[in-house]
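In the two complexes that follow, chain A is the common piece, with chain B as its partner first and chain C second.
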Partner chain A sequence: MSQEKENIAIGYRKQFTKRVLLLFALTGATIISFCVDIAVGPSTLGFTDVLKTLFSKDSMDLATQVIVWEVRMPYSIMALLVGASLSIAGCEMQTIMNNAMASPFTLGVSAAASFGAALAIIIGVSLPGVGTEWMVLANAFLFAFGATMLLQTLSSLKGAGPEGLVLFGIALVFTFNAFTGILQYMASAEALQQFIFWSLGSLTKANWESIRFLLIIIFAIVPFSLASAWKLTALRLGEDSAKSFGVNVGRLRFLSLLRVSILTAGSVSFVGTIGFIGLVGPHIAKLLVGEDHRFSLPASVLSGALIMSLASIASKAIVHGAIIPVGIVTSLIGVPVFIILIFNKRTK
Partner chain B sequence: MELLEQQEVLGKTEGRPPLIESGCELIGKLEIKGLNAGYGRKTILDQLDIPPFEVGQVTVLTGPNAAGKSTLLRALAGLLEVQGSMKFNGRELVGMTARQRAGIIGFMPQHVPNDINLSVMEAVISALKASPFDAVSGRNETLHGRALDVLERIGITHLALDHLSQLSGGQRQIASLARTVVRDPKILLLDEPTSALDLKHQVKVMKLARSFALDGRIVIIVLHDLNLALRWADRVIVMDKGKIAGYGSPTESITAKTIAAVYGVQVRIINCPLGQPHMIVDDELKP
Partner chain C sequence: MNIKISKLKNLVITTLALVIFGFNAPAQSIVVTDIVGREVKLDAPAKRIILGEGRQLTTLALLHPDPVSIVAGWTGDFKKSGGLLYEEYLKAYPAMANIPSIGSSGKETVSTEQIISLRPDLAIFGAGSHGPDARSADVIRQLEAAGIPIVFVDFRLHPFTNTVPSIQILGMVLGQEKKAAEFASFYNRRMNHIKGTLAKHPDLPRPKVYMEMIRGNVPPGSPGKGNLGEFIEFVGGTNIGTILPGEVGTLNMEYVISEQPDIYIATGIAVPGEDGLVIGQDIYAYQTQQSLHYLASRSVVSPLNAIQQGKVYGMWHLFYDSPLNIAAVEAMAKWTHPELFGKLNPHGVLKEINERFLALPLKGVFFAELKQ
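What follows is the complex of A and B.
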């Protein structure tokens, strides 16, 4: 091998190592944020108290143990899981739709889940056999899943390219918002209040059962995303190129949307509408590690978890003694980032 | 005297640089019969028969806008649903899966996305790894070596670690060529590969196309520049309204009569002092 080629091979390997290190750094930052998230709350705990309770449960008093393990921990873990799943879902969506603005939130999946939840909360309608306590969850899941299936159906129609999907997603947002509006108009004051709280997106609904459920979804789905990393990277080079490299683009898009629908439906149904994580998470990931999906997918998982964890901290720290719904915080962070992204794209 | 000697050399090669003996057996052909292709309900190619494309030759597809050149290329690449028969060395290409086709055909699209945060090297490797590929073992060194060999042959080793989004349009086009050839396809389809290139790089890409053909490939290029076609093609197919309006060696197919009929312009084909044919466009044809 010539000296120039040897130098490039070394440079390429260095780039690889740098990205692996960045993934470790993101993991470290997420772990630190997770610990801070547990420490922050109405009753202040020291950072060392949190670590002690985490690693040696019995060394702390019962009150601290209950606060950390039963109150704060489910909340903080849920933040990580929801952030991770929405972010990787956003990353895949942006690639398969060839649109940097695509995310479960912007394509109507969250709006559909909201409508499902509104049906349960306001009218009390759900699938037969579903208990009252599971109605909101079941409906949100069902509608989020249904919306993505509609997106899927469109993607399989002849001639529906990525642009068609985005337009259809926007149409879904407006349609489901209109339906939800009708239900809200008809709702009693109590039901309306309950629904609005749900739709703001809050981690306070988290419990160990929902965590277990979401964890299973993530562990079942994410390996398939990672296994498609090369195909997704090839798709970034253009649909025609990917096809000529042997990628069955239609199948890739179908399976990817299926993963996105399950991840989004799982997250939204447990915590309500959380906006912009699916948009901002992947953008930060790509900024750090580029668009080689072997790195951008895991980096999206980590950056989504980190941002959501930071948002969770902010939701508890902004107003002392109160927990603002985390969906409001993510929207407050997300909207300016969204605008910056649009302006950057225009400048380019 | 020197000019005469040059003319003598060029005369033997129909005005092209002398062909380099590649040592490959240049046998094989692509036969197209009764090809139907289009977009939705709009038929562009209707029962098209084309004389066989031969291994070792560069064929240029040319013609006015909407003549069906790119449609034909996309049909060959498997990017459009087609009816009819496309056989490479007796093997039917119609109905093949994308993965099977990727082992035979390489397609370089006309438009290359410009906002990709991938290095040239990463993009070439992703072309190799996108679907299973027999010629490359799973070892990273083999893959990297292969990618680097292709970049070296195309002359862009120095760009290997640069991001595609930072390259000029021309550099991106050449990087796209690297991705197209890295899987070692037997049929190379290039859709206007010189459209974003300066003169030097146009010549470079056409020379590369010739050398890829001489390695034992069929090279089919869509080109608008007829002087490039006259200079570098072995065969030229002039298309018009989905049909073949001219076929043969460059000077047989690019004639003043054919060009007038197809493009509606008045041209002259003249030979330069070195014997190389050139086309000069004089005017539009008066109705």
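What follows is the complex of A and C.
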């Protein structure tokens, strides 16, 4: 008996070490990808020049300074931040909704945020007292949160299984897309152009101000997600088991959805809609480290950041000198990774 | 083969008609070959026209003294992108508010049923346009089946070869050949001056031009190989956007900086209070200067030669799809090769067009040079 216990303990320690190592590996890969991202560009500027410019800005000419500080760094950092926030939002959503298909994009949260943003960009409508520069963000958050609360209400109804939730989410996607379509139909050319560009999802909108803001959001929100890791893992075992562990499930759900809405609204209002990360980031993380949220949450942050960073490289590298909107590239980068992981798991 | 036969048939019919009715034919029918090579027959000059792109009202205004009176239906794009010019037209022609809409500004929004129900005697579409165009096979088939003739014109896909023939086609279908011929000769004379001067200097250096099509406060698009990119090359410049895969795309600012363009040109249609390049009808020079100044002071463009040497210019965007493109060509020639074209006066060209052709004169700022 004690032999068995010891075996379990050894197995657990082994697994624990393996997962920690995997987290380190993901961190390493993300750092490497980031370095490549800031080293790659259509000019001849190499990695060492970039480093020089980063550490002694004034020793380089104006063109180099601008390329490094205003072009490469904002794009690359924004890629990491957006990938991280959408991916962890997706991870929490999948657990809370108990549904592998849940993500801000598939369940209509992004579409709702987009509609809110469109209201701000095209009509200029927001809550009273919100300044013009915050309108897009405020609206995006308001509608994202409204949509998650609707989803939550539905998922707590009796008889609404996981399929019901996905169907309702799809209904939200189409409803909000239709609303947005109506706004686009009425928009002036100038506002429409702005909105179309925005809805494509592009890192070229990144600047230091939006980076600072998203960084604040992430630092304010993600620690709470990580602190809820135990409770979320307990919820994975089923609502009743979670309750028996003393978890206040209602409160956990509400706070978690609040976090999801803020993270989604934050990234959507700074770079537009990017669909793929929130669904696939967490799946990649879970395929690597399993369902224990102490690992899957940080792994989601890392895998999301990594995919977006790779997508950022691709968006610059596909056509020399041009930028392909990153929203288009993300799927092309993420899908192969995803498929490889699924098949690896099968063969095991 | 079919075309040949039908051409022959038409020739025979026309000749027969001439023989039988002589020159006293009661209703003289009009036969034109449009810009995509289709032969189109009208019983009489068109009086109820569908505009596939609402903004082409300003083109009709070159040839017809009361352009609004002959429009039976149009797309909503003029209202969306015309800015204060649209307001000016509305003031001059209040009836414009009642022109039925056949759709918003995208091809997919156009209702063929609405077009047919308006009983037009002609539809004018662009060969490539925001509205229905030469690729809109369904719309073409349905309208032809309903007996509504369609004439394709083009100021956008190949502005330099198609503008004059398009104006001549419009002159014929509107019964305004004389005015069309006058405009064509005015246009050709000015164009030939630029072409001829450049031909005399084959070894001229071709300055690099970076053009931004400004739309609100999002990162701008730049022209690739088509349209405005063609303008740049035509006036003896090098368009750094030719690397773009499509007609329009986003350039990596890093690429722009490493190319070091000599000339910066912004295009826009914003009105006061909007983000972007404020320029066009009823705009004051100081408003354009303010917005151009803001564009030139962004830190991403600060290292460009063009910015540092003050070669910063702005232009009304809608020249790209209009026979008024001649004024844009003159402006761009002047900016690109001041040593050859320094004396050209693009606002003067617009003034002459106002006096000789336009039913409603353009007034405001359509070109600008940043003052330091």
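Operating definition for what follows: the second predicted complex is superposed on the first by the 266 of 348 C-alpha atoms of A that agree within 3 Å, B and C clash if a C-alpha of one lies under 4 Å from a C-alpha of the other, contacts with A are read in each partner's own complex, and residues count from 1 in each chain.
The rule we apply is simple: a residue touches a chain if its C-beta (ideal position, glycine included) is under 8 Å from a C-beta of that chain, and two chains touch if they have at least 3 such contacts.
These numbers were taken from a predicted model, which means no experiment stands behind them.
S.K.: Given the touch rule stated above, what does A:187 touch, chain B (first), chain C (second), both, or neither?
M.R.: Touch partner of A:187: chain C, not chain B.
S.K.: After the superposition on A, what does A:205 contact: first (chain B), second (chain C), both or neither?
M.R.: It touches chain C, and chain B stays clear.
S.K.: In the superposed arrangement, does A:72 touch chain B (first), chain C (second), both or neither?
M.R.: A:72: touches chain C, not chain B.
S.K.: Counting only touches as set out at the top, which of chain B and chain C does A:197 meet: first, second, both, neither?
M.R.: The answer is second: A:197 touches chain C but not chain B.
S.K.: Looking at A:238 after the superposition, I want to know if it touches chain B, chain C, both of them or none. Which is it: first, second, both, neither?
M.R.: first
S.K.: Report for A:24: first if it touches chain B alone, second if chain C alone, otherwise both or neither.
M.R.: neither
S.K.: Based on the superposed arrangement, let me know which partner A:47 touches: chain B (first), chain C (second), both, or neither?
M.R.: After superposition on chain A, A:47 lies in contact with neither partner.
S.K.: List the residues of chain A that touch chain B in one complex and chain C in the other.
M.R.: Looking at chain A, the two contact sets are disjoint.
S.K.: What does chain C use to touch chain A in their complex?
M.R.: Per the touch definition, chain C meets chain A at residues 77, 80-81, 104-105, 109, 215-219, 243-245, 249-255, 257-260, 269-270, 274-276, 299-300, 302-303.
S.K.: Within the complex, which stretch of chain A touches chain B?
M.R.: 1-2, 4-5, 8-9, 11-12, 15, 98, 158-159, 230-231, 233-234, 236-238, 240-249, 286, 290-292, 348
S.K.: So in the complex, the part of chain A that touches chain C is made up of which residues?
M.R.: Per the touch definition, chain A meets chain C at residues 41-45, 61-63, 65-67, 70-72, 185-194, 197-198, 202, 204-205, 316, 319-323, 325.
S.K.: Note which residues of chain B are touching chain A in the complex, please.
M.R.: For this pair, the touching residues of chain B are 40, 74, 77-79, 97-103, 105-107, 109, 111-113, 115-119, 121-123, 126-127, 129-133, 144-145, 148, 152, 157-158, 160-161, 163, 176, 179-180, 183.
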